[in-house]
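Just below sit the structures, each encoded as structure tokens.
Next, two complexes with chain A in common: one pairs it with chain B, the other with chain C.
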Partner chain A sequence: MKLKLRVWRQPSAATEGKLVDYEIEGVSQDSSFLEMMDVLNEKLIHEGEDPVAFDHDCREGICGMCSMVINGIAHGPKAAVTTCELYMREFNDGDTIVVEPWRAAAFPPIKDLVVNRTALDHIIQAGGYVSVRTGSAPDANNIPIPKDDAEISMDAAACIGCGACVAACPNSSAMLFTAAKVSHLAMLPQGKVERYDRAVLMVNQMDAEGFGGCTNIGECEAVCPKEISLDFIGRLNRELIAGTFKAAGNR
Partner chain B sequence: MQATSALTLYRSTIGKKVIMAVTGLIGIGFLFFHMYGNLKIFLGQEYFNAYAEGLRELGAPIFIHGHLLFLMRVVLLAAVILHVWAAWSLWLKAHRARPQSYEMKRVVQANYASRTIRWGGLVVFFFILFHLAQLTWGVTNLPGGFDRTDPYSNVVAAFQSPLVVAFYLIALFALAFHLYHGTWSFIQTLGLLHKRWDRLVRLFALLMAIVIPGGLALVPISIIAGFI
Partner chain C sequence: MTTQESSDSKFEVKLGSTKLDSRVPDGPLAEKWDKARFANKLVNPANKRKFDVIVVGSGLAGASAAATMAELGYNVHCFFYQDSPRRAHSVAAQGGINAAKDYQNDGDSIFRLFYDTIKGGDYRSREANTYRLAQVSNNIIDQCVAQGVPFAREYGGTLANRSFGGAQVSRTFYARGQTGQQLLLGAYQALSRQVQAGKVKLYPRSEMLDLVLIDGRARGIVVRNMISGQLQGYAADAVVLATGGYGNVFYLSTNAKGCNVTASWRAYKRGAFFANPCYTQIHPTCIPPAGEHQSKLTLMSESLRNDGRIWVPRKPGDDRPAKDIPESERWYYLEEKYPAFGNLVPRDIASRAAKNVVDAGHGIGPLHNGVYLDFEEAIGRLGKKVITERYGNLFEMYKNITGENPYEVPMRIYPASHYTMGGLWVDYNLMSTIPGLFVIGEANFSDHGANRLGASALMQGLADGYFVISYSMGNYLGGTKLEKVTPTDPAFTEVKREVQARVDKLLSIQGDRTPTEFHRELGKIMWDYVSMARNEAGLKKAITKIAALREEFWEDVKVPGSGDDFNQSLELAGRVADFLELGQLMALDALDRNESCGAHYREEYQTEDGEAKRDDEHYAYVAAWEYAGDDSQPLLNKEPLVFENVKLTQRSYK
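Moving on to the complex of A and B:
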């Protein structure tokens, strides 16, 4: 395959970025999008140029690092996959592909396609955990959990924290991410103890990080590689409303 | 603490949206009865004017003449102010949340109504100001003059101008989109939605978006077409 790439290049947070055009040849249809980026980088290195910086780690859709907006869609044109799981067969020979980083005030740029997503970690730190007594490991399956609850919790727990929901949202809202994290724990007996504090604290943190508010548009759900449903946002709303009325989150 | 906790809703983005949802619901309720009441214009001048006067008698004999109506107006005004305030504050926050826009951005599944909810709201807001100025405060010049005791004639006179009718229809069109996303959205924001009921709720939102603006549009259309 022969491709025309337009890649966002930004040397550092302090400098302005711009799209730079590249042309590459000999890209296999069976290579992944990241492998195609590797081919580009090797070419750049050979030519003595600075390779394109991009985040990646597992390359199998579980770490959530590979953040790229491809032709205007976070994680590219194929639904329910991460960029590393996107294959070049989704594109045609001669295509022009625009590659940009996640864009949000809460995700400040670091270099090229790499942005700082620590804001999502701060949301987790604010309440995305359960407090347990440490020491001897508890017996497995000690606490019975209804099958349906476990399923819903697992669906929410599938979130890999990639931030595509924020990137796709016109409001740069982190609602889908926060909703997945809050719901995942609120569904389980171990998480129920702190559920209202958790909802209030995590939402407060989400707001403090500079993410926008949700307008129920649903672009997040459409680009989420783990198909986290808008239902969880409804669930987060319920948790937050109940938490606010209970004056939770004051610890 | 318990008593004041609900009053802290306004602080979070979700809380602001809850305020928008509740005040929006008040708006939808008002619009529905406003539409229903307006259609009485088809029953003639006497009936319509009696209805307008009757609004002041609402709640009698418990309420004194005009009191309940006044109370309702206060609630509506408060709802509008809160709705606009929350919308404005969320708009600003969203605006600040993306300082650098995408060079290329594509919409995957969001519908038109949801993406234009803020702009539709803006159109409706300016329309309300014009509408009140024209038919409640009587500050725009109507051909036959504004007669506070004869709303029927005021309405008929107002809709002789094609320009006014066109503006009303554009605003009602914007309202239809606003109501479609707004109705679905308030149910989601209050956490009442479940995917299983999504189709039904969408249908309900569509019904609201057609019936309310449609009913309201019948009046100006019928007047300029000469049916009234």
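Moving on to the complex of A and C:
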């Protein structure tokens, strides 16, 4: 395949960025989008130019590191995949492809397509866990958990923390991300003890990081590579309302 | 010196003079761990906060170790190259985690898990370590469930299990095909809680480039901030490496692109011995490469072998589509050869069997580089719904990568580099040959011998991190008089200067070939001569070729950009430079081990029916290599393996 690429280049956070045009040839339909970017970078290095910086690691859709807005869509045109799982057979010979970074106030740029997503870690640190010390756990089968509850919990826990939901949201809200963690833990007996504190603390942190509010647009669900359902935002809101009435989150 | 002599000297093995002390407590196997825990010195709670501990890596081992030590009160500093601890490559483990719970009432026990692991490792691991692993396996499951890991459950609400290779009991706990992710999130959340409590400081996008020793003890690290390029020293009372394996030496592997050997290799060059580097696991069920552009390989979980049947056409070169090949012309070679274990033989055996049939011309797919993993029978027996429930996401993943639907056509699979059993040598307390340097998880060599069983990597990472390292750390810090050091100490300045010189050198060469091109070439040499089947001539060829490639690298590598910037090419170049040195050591280790064992298969040493043939009389030892300078051969130190509780037998899975 022969492709035209328009790639966001920004040398550093302090400098302005712009879209730069490149042409590449000989791209295999069986290569992944990131392998196509590898081809571009090898070419740039040989030509004495700076290769395009982009985040990637596992290249099998689970680490959540890769993060490109492709033709205006976070993780590209195919539903339910990460950028690394997007294959060039989704494109046609001669296509022009625009590649940009995640854009959100809470994700400051680092270089080219790389942004800083530490704000998502801060939301988890605010309360996205069960407070249990190593060594103080009872036998694993002591508390039976209905299979359906475990399944719903797992649906939410599948979030990979890539931040596509934020990148896609017109408000740059991290509501789906936060809702996934709150729901994952609130569905399980082990997580119920701290459920209200957790919801209030995590949402407070989300606001403090500069993420926007949720106005139920649904772009997040549409781009989520793990198909995390909007329903979980409903669950989060329930936890949050109950928590607010209980004046939770004061620890 | 003639050329012949100089190349021969590269094959020479000189013995070191270190007597390795494994510090295994004496007494009966089942009592050793209790005994060690009691004998360990303790640090009183008020004093723990006076100690700083560096943990490098945030995967299962690193995150669980950092969280647990912080809970105890130590000040923990956790460094990792990704932007968040949650992305460490443990996240990609699919199938599950073993434990000797015997919830299935099918005859499991701690001793059986221990025995299966020792046998699976072809009797090349340390009994005491492996037994301890089996002992704490049950605590791990308890811990993870308490953290909210959503393991699969039965309708009655209890935990579900499945079987894995090398075992005849169902002892594997799982969370769909994302067990590693869920366990890592559990550890990451425990870690996050300690960050919030102010007991752990995280250092994202930080790459450890060297280890700093003061008075012979590990006292800190030199780290490159991957955003600013700045080199910075960090001092502590002890250093824990949880930096994973070196499977990326093969270029194509199931590892994440960033996985590398640099932290371990730098420690090796500062005096930590590297044990059994030739023990590398080639996983039998990965998607075969599709062409030159391939940058990594994707694993299809071994759990698929529970229901999938592996076959190739009986007739070599049979290019008919799978559905057109009648049952009688299909060769279920594992089921035929190993009726007792069938498709669930250990990984090394399954991989070699696949290589043998493909080498013999039975390979399938457009490049004839795979074998079939077929679910037709299982879908007929269990229904599509059950199969979707068990493996749905794996099927989706496969379909997305290959464009083929595994519900309709069999999967194509082939072995790929996946895990490394070798790693830095550690004693029973997980301390390396450098006092104060601990190594946990895949980065150490300890528990899996010459082959790791499926669902045991997660178990080992968490065993080391949650349940072993904190005891060792207390013992070390409680029993050692340590002066306070700071990063302004001259030792830090000197190491920083050396690291800077290396970075500058990489940037100054400005040759013609990219780091990736060198990496790919190294990978091909390793795959051709140092992977599933090895022989003397091939290994010698590999050593000579890698030496030449290494030389070329330092003359011709082209690294763009500068050192004071976000520079991914520079990061890769440094890692490839270390892989080049490691590759040579792996081949030397494989050459020196004149036997076959587990994943180390020397064609010269096989039984009549082609299985690995051990030589227990001469090779029942751990090969611990000691760095002796860039221009000298490394020295071989041997830790004899003593078996008091299992009888060494020829592994049989028939």
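Throughout what follows, the second predicted complex is superposed on the first by the 247 of 251 C-alpha atoms of A that agree within 3 Å, B and C clash if a C-alpha of one lies under 4 Å from a C-alpha of the other, contacts with A are read in each partner's own complex, and residues count from 1 in each chain.
By definition in this document, a residue touches a chain if its C-beta (ideal position, glycine included) is under 8 Å from a C-beta of that chain, and two chains touch if they have at least 3 such contacts.
Keep in mind it's a predicted model, so treat the numbers as computed, not measured.
Colleague: Mind checking chain B and chain C on superposed chain A, clash or fit?
Modeller: Here the two partners, once superposed via chain A, fit next to each other without clashing.
Colleague: Return the chain, chain B or chain C, that is in touch with more residues of chain A.
Modeller: Counting residues of chain A touched by each partner, the higher count goes to C.
Colleague: Touching A:31 in the superposition: chain B (first), chain C (second), both, neither?
Modeller: second
Colleague: Could you tell me if A:203 is touching chain B, chain C, both of them or neither one (first, second, both, neither)?
Modeller: first
Colleague: Which partner chains sit in contact with A:89 here, chain B, chain C, both or neither? Use first/second/both/neither.
Modeller: A:89 sits against chain C, while chain B stays out of touch.
Colleague: Angle at chain A, chain B to chain C, CA centres, as a multiple of 10°?
Modeller: It is 160 degrees after superposition, to the nearest 10.
Colleague: Check the superposed model and tell me the shortest C-alpha distance between chain B and chain C, rounded to whole Å.
Modeller: 20 Å.
Colleague: Considering each complex separately, which residues of chain A are in contact with chain B in the first and with chain C in the second?
Modeller: The answer is that chain A has no such residue.
Colleague: Provide the residue numbers of chain A that touch chain B in the complex, in ascending order.
Modeller: The contact residues of chain A facing chain B are 6, 8, 19, 69, 71-73, 98, 100, 103-106, 168, 170-173, 200, 203-204, 206-207, 210-219, 221-223, 229-231, 233-241, 244-247, 250.
Colleague: For the complex, which residues does chain B have touching chain A?
Modeller: Chain B reaches chain A through residues 1-2, 4-6, 8-9, 12-18, 90, 93-110, 114-115, 117-118, 181, 184-185, 188-195.
Colleague: Which residues of chain C touch chain A in the complex?
Modeller: Per the stated touch rule, the residues are 64, 67-68, 71, 82-89, 91-92, 101, 103, 139, 141-148, 150-159, 175-176, 178, 180-182, 185, 188-190, 192-193, 195-196, 202, 204, 227, 254, 256-258, 290-296, 298-299, 396-397, 400-401, 403, 466-467, 470, 512, 514, 516-517, 558, 560-561, 565-566, 568-569.
Colleague: Where on chain A does chain C make contact in their complex?
Modeller: Answer in residue numbers: 12, 27-28, 30-32, 34-36, 38-39, 42, 44-46, 48-51, 53, 55-65, 80-81, 85, 87, 89, 110-111, 114, 116-118, 120-121, 124-141, 143-147, 150, 153-154, 157-158, 160-161, 184-185, 187-188, 190-191.
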